[in-house]
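In the two complexes below, chain A is the common chain; its partner is chain B in one and chain C in the other.
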Partner chain A sequence: MIEFTMPSLGADMADGTLVEWLKKPGDQVKRGDIIATVETQKGLIDIEVFDEGTIEKLMIDEDTKVPVGTLMALINPEKKIESQKAIPDITEEPVIQPTEEKAIPAFLTENIHIKASPLARKIAAENNIDLLQINGSGENGAITRKDVEGAIEQGKLVQGKEKSSIVAEPIKEQNISNPVRSAVAAAMSRSNREIPHYYLEKKIDLKKALAWMYGKNKELPVQKRLLPAALLIKAVASSLKVVPELNAVWDTDLQLKTEINIGFVVSLRNGGIIVPAIHAADLKSVDEIMENLNDIIPRARALRLRSSELSDSTITITSIGDGGADLVYGIIYPPQVAIIGFGSISEQAFAENGLLGVRPMVRVSLAGDHRASDGLTGSRFLVALNNHLQNPEAL
Partner chain B sequence: MIREELEKIIFQLLKKIAPETEPSGLSPTENIREALGIDSYDFLQFIIALDEKLKIEIPEEDYGKITNLNSLTDYLINKQK
Partner chain C sequence: MIENKIKISYREALKQGLQEVLRSDDRVFLMGEDVGHYGGAFAVSKGLLQEFGEERIMDVPLSESGFVGAGIGAAIAGMKPVVEVMTVNFSLLAMDQIVNNAATLLHMSGGQINVPVVIRMGCGIGRQLAAQHSHSWESFYAHIPGLIVLSAGTHEDARYLLPAAMKSPDPVIIFEYTSMLNMENEIQDNPAGVDISKAKIRREGREISIITYGTGVYKSMEAAEELASMGIDAEVIDLRVLRPLDEATFLASVSKTHRALIVEDAWRSVSISSEISARISEKVFYELDAPVKRLCGLEVPIPYPAHLEDSSVPQKKDIVNEVQKILNP
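Up next, the complex of A and B:
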């Protein structure tokens, strides 16, 4: 039997609140399927499974705060072909039954289970609304945001502190007003405490890279236009193939990673950052990376990421963007061993072959974990990065 | 389309991108991106939104010509002709 446990979605995560199971006993799952949604400091996260099999048992009630590593479900790995026939035998009631909750074994829910969207639960919890007293208008009688908002407007359901166990407990953090801030604080404090950083910098001429990008953008519809960030991500991924020591994690010793998953820092409009992973960036084209960014940035800002996007990064890139600071020195996100910082791209005087010219330049910094690598390794990486950016068509 | 109508559309689109800001409070010569804290990604979303709403495609080399409200509306009026 495979044990499905609460995954760690970053060095800063101690627990998460199970909001909703999206699979039930008897359901078949395969790698990448979303099994549950979990509320964390980084928002409502879709939790994926990494095994194939049939859900045997769900061990945790919804609306429960669960520490990382806790057993949440059992998955039977046997691929039984007859399982499709078997499922109706197990649950006698047809699956489409509106009151399907009854099919969930009793050990699961001692409390009465109420169908409500995560957003509805959140709003209800924030406003001290008892979901028991609301009639859902959604699918199968599920309570929707509208229902809760309607109830708030009517004002009649606002209760005192008395809380039924169905109301999601708000996650108690030191700073409840901005949980993302707390998450950043925890991870960065740990990094600063544990990781002996070394820093390197290189100025890189982006004339060729940007000319190549502008050329491509002229042919692309406006929706598919590339941003320099896509190019920089790809160049970093390609350079990591030359210097694989920086694509790694430190866990008592250096563990190199074969997949190159680039964490890309996304700023949230109300403060704080979130770092989703661009998976296998070395195997993607620049256009594919841009597509990935177009998908992931809005979801990161809405705090709606998948678990693998939060936990799989093997290195981080932070980019200031145009008009901002010339250079950024990053702080490594543990357990990673390096972070690459790109300052804003600006026109600078540039000398080449005894001649002075003006070029779009970027100052690139590398912060490395000195337990895991040395300055020479970092320097090799920055040289490789420069070389890749001088040959953009080969990226 | 007259200037006022264009400005109204610009404000609506900017508000969508930076919901916590008040684009209609922008002064005519203020740098839009700096004033509203719009990064390269959001700016591209704004260009896409203008293209979809007004059917005006702004090429990348013209980004420098549309930094404030005055220059942006002038640019769009010109392009409509």
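Up next, the complex of A and C:
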């Protein structure tokens, strides 16, 4: 029997609420089918199944919040429909965690080692304090009783009406106004805490690339016309073939990824960001990437993404867009090891072959995880990116 | 009742303890090298020969195995011997008698033969006696089931542990510290609670438990005074009984202060402090707010020059520094 469990849709996700089962026992499923809708901090996500078989049994009820990894359904890999009747209807209670229950502090569910004294851990557990949010003052930065009690005290002071964010409250109560904000906060805090970033920058001349794009757009119907973003995504994907060390995740050591799935930062209208993945961007044409963007960006803004789109990225691109800041320094989305930042494209004085000219320029930044790679690797990547953008027809 | 305090040297305290037990029971006698005519290698038994006579203050040949064995035999036969082994260094020669006879006979005889012998040993570091005569081997004896092992780290215990030990039906080893013999201090006349089963809280405090014994007690008390002037409130526990350990006392203390520093002159590896540290981790792990730390003797043969000898064992300033580090890392 295959166990279908609550998937992790990013390093910041501790649990999710099953909103709706889209399959029932007896239904046949295949890889890629959407089996359920789950609500996370990032909105309603369609959860895909990765196995083939028949749904044997649904283990949790709709509107139930469960931690990542909780058994949700059993899938029988042999598609014998009759076997379904033989299964007695066992009601298993320990698996389910009702929504009302308090959220488990992240340090208990995520596999992160925090240096804290046994006493500090005990007090934190008793008071439902998230140790991840506390700075330790003990030996080698260990969290001590004083630190935890300080956090409790601080929580009480702040409490007025709103609870301190240090106290791990159920997500629904914590910040009803903007759960995405909380998710961003958790992921970015973790990144800044754990990842030693190094930053590189390169100015890239986009004259040829844009000229090629405008030429191509003349031949395309309006709804298929290209935007620079599609070009930049494709160029990044191609450059990752040259420098595969940046297409990876860091989980105690460097794990290179063969698929190049590019996470593209989408800003939400009422604040916060979400990062859907453009799958296998190296194998797609620029047109296909544009098509992909046209499909995924509105869905991202509506918080209707598929689970694979939320969890599969192997690197992230953040792009400022027209008229905005000249350059963006990104913060890596763990467990990825790099993020590429594109500033707004603007006309700049440019010297080439002893002559001055005006060119559409973009300033590109690269933030790398120094545990995983070194500046030289990042530099090779930026050089490769420049080369690809100077030969747009080859993209 | 009026508290009677008397000022007394450690040597005099030991002697008064001996006098008390010799006067209280005719079966009590003292045997050891030079304890009679010479008055004891450290002058602890000076004058006792004149008071109690040759039968009860007995000089013995230089054979630790022989006279400790004789003491054990006398105890089995109904006498109440106090055997003085001049220093712990020489006790190795008597170890077979102590470990294989005194400690086991109750068990080997199916409970028929108990061995109420008390063996006193001078020990410790700090008199420039060099590597072969400067030893802290309490842990050797504290390792042996069947023995009761006491450490007289204060004048009070030097005076009153022996009378308490004489009441034990089982063999008792008392460690006395030669470096403290001339030290004077005030003790209470007839204090309550000197027994051979309990550790003693020498100073109450809230922030850290300094657990120690022997020469560590006064050094820790002085360190605690200095720490108090810096606003640090340390508790000092004198283990006093090294076997069987009174763990209830130090575990309760650590549960209160949540931090522990163990201080001893002995070498660090496989020592009393190792045992204390292990028990704290085993039994009150969830009360700990900082790692358990130890200050022990350096693991070298103890050097002869005074400055090197001093620096080979923990001193008051080391204790003060270590406590500060634990509290304000």
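One rule holds in what follows: the second predicted complex is superposed on the first by the 301 of 395 C-alpha atoms of A that agree within 3 Å, B and C clash if a C-alpha of one lies under 4 Å from a C-alpha of the other, contacts with A are read in each partner's own complex, and residues count from 1 in each chain.
Please note the rule applied: a residue touches a chain if its C-beta (ideal position, glycine included) is under 8 Å from a C-beta of that chain, and two chains touch if they have at least 3 such contacts.
Because the structure is predicted, anything quoted here is derived from the model rather than measured.
Contacts of A:Ser137 after superposition on the shared chain: chain C is touched, whereas chain B is not. By the document's definition of touching, of the two partners only chain B reaches A:Asn270; chain C does not. Shared-chain residue A:Gly323: touches chain B; no touch with chain C. Judged by the touch definition given at the top, the superposed model places A:Ile297 against chain B, while chain C stays out of reach.
When the shared chain is aligned, chain C comes close enough to touch A:Lys122, but chain B does not.
In the superposition on chain A, contact is made by A:Arg145 with chain C only, not with chain B. Touch criterion not met for A:Pro244: it reaches neither chain B nor chain C.
Residues 18-20, 33-34, 37, 39-41, 44, 47-48, 51, 57-61 of chain B are the ones touching chain A in the complex.
Contact residues on chain A toward chain C in their complex (touch as defined above): 117-122, 137-140, 142, 144-146. Interface of chain C with chain A (complex): residues 258, 285-291, 326, 329. The touching residues of chain A, when paired with chain B in their complex, are 214, 217-218, 222-223, 225, 227-229, 267, 269-270, 293, 297, 321-323.
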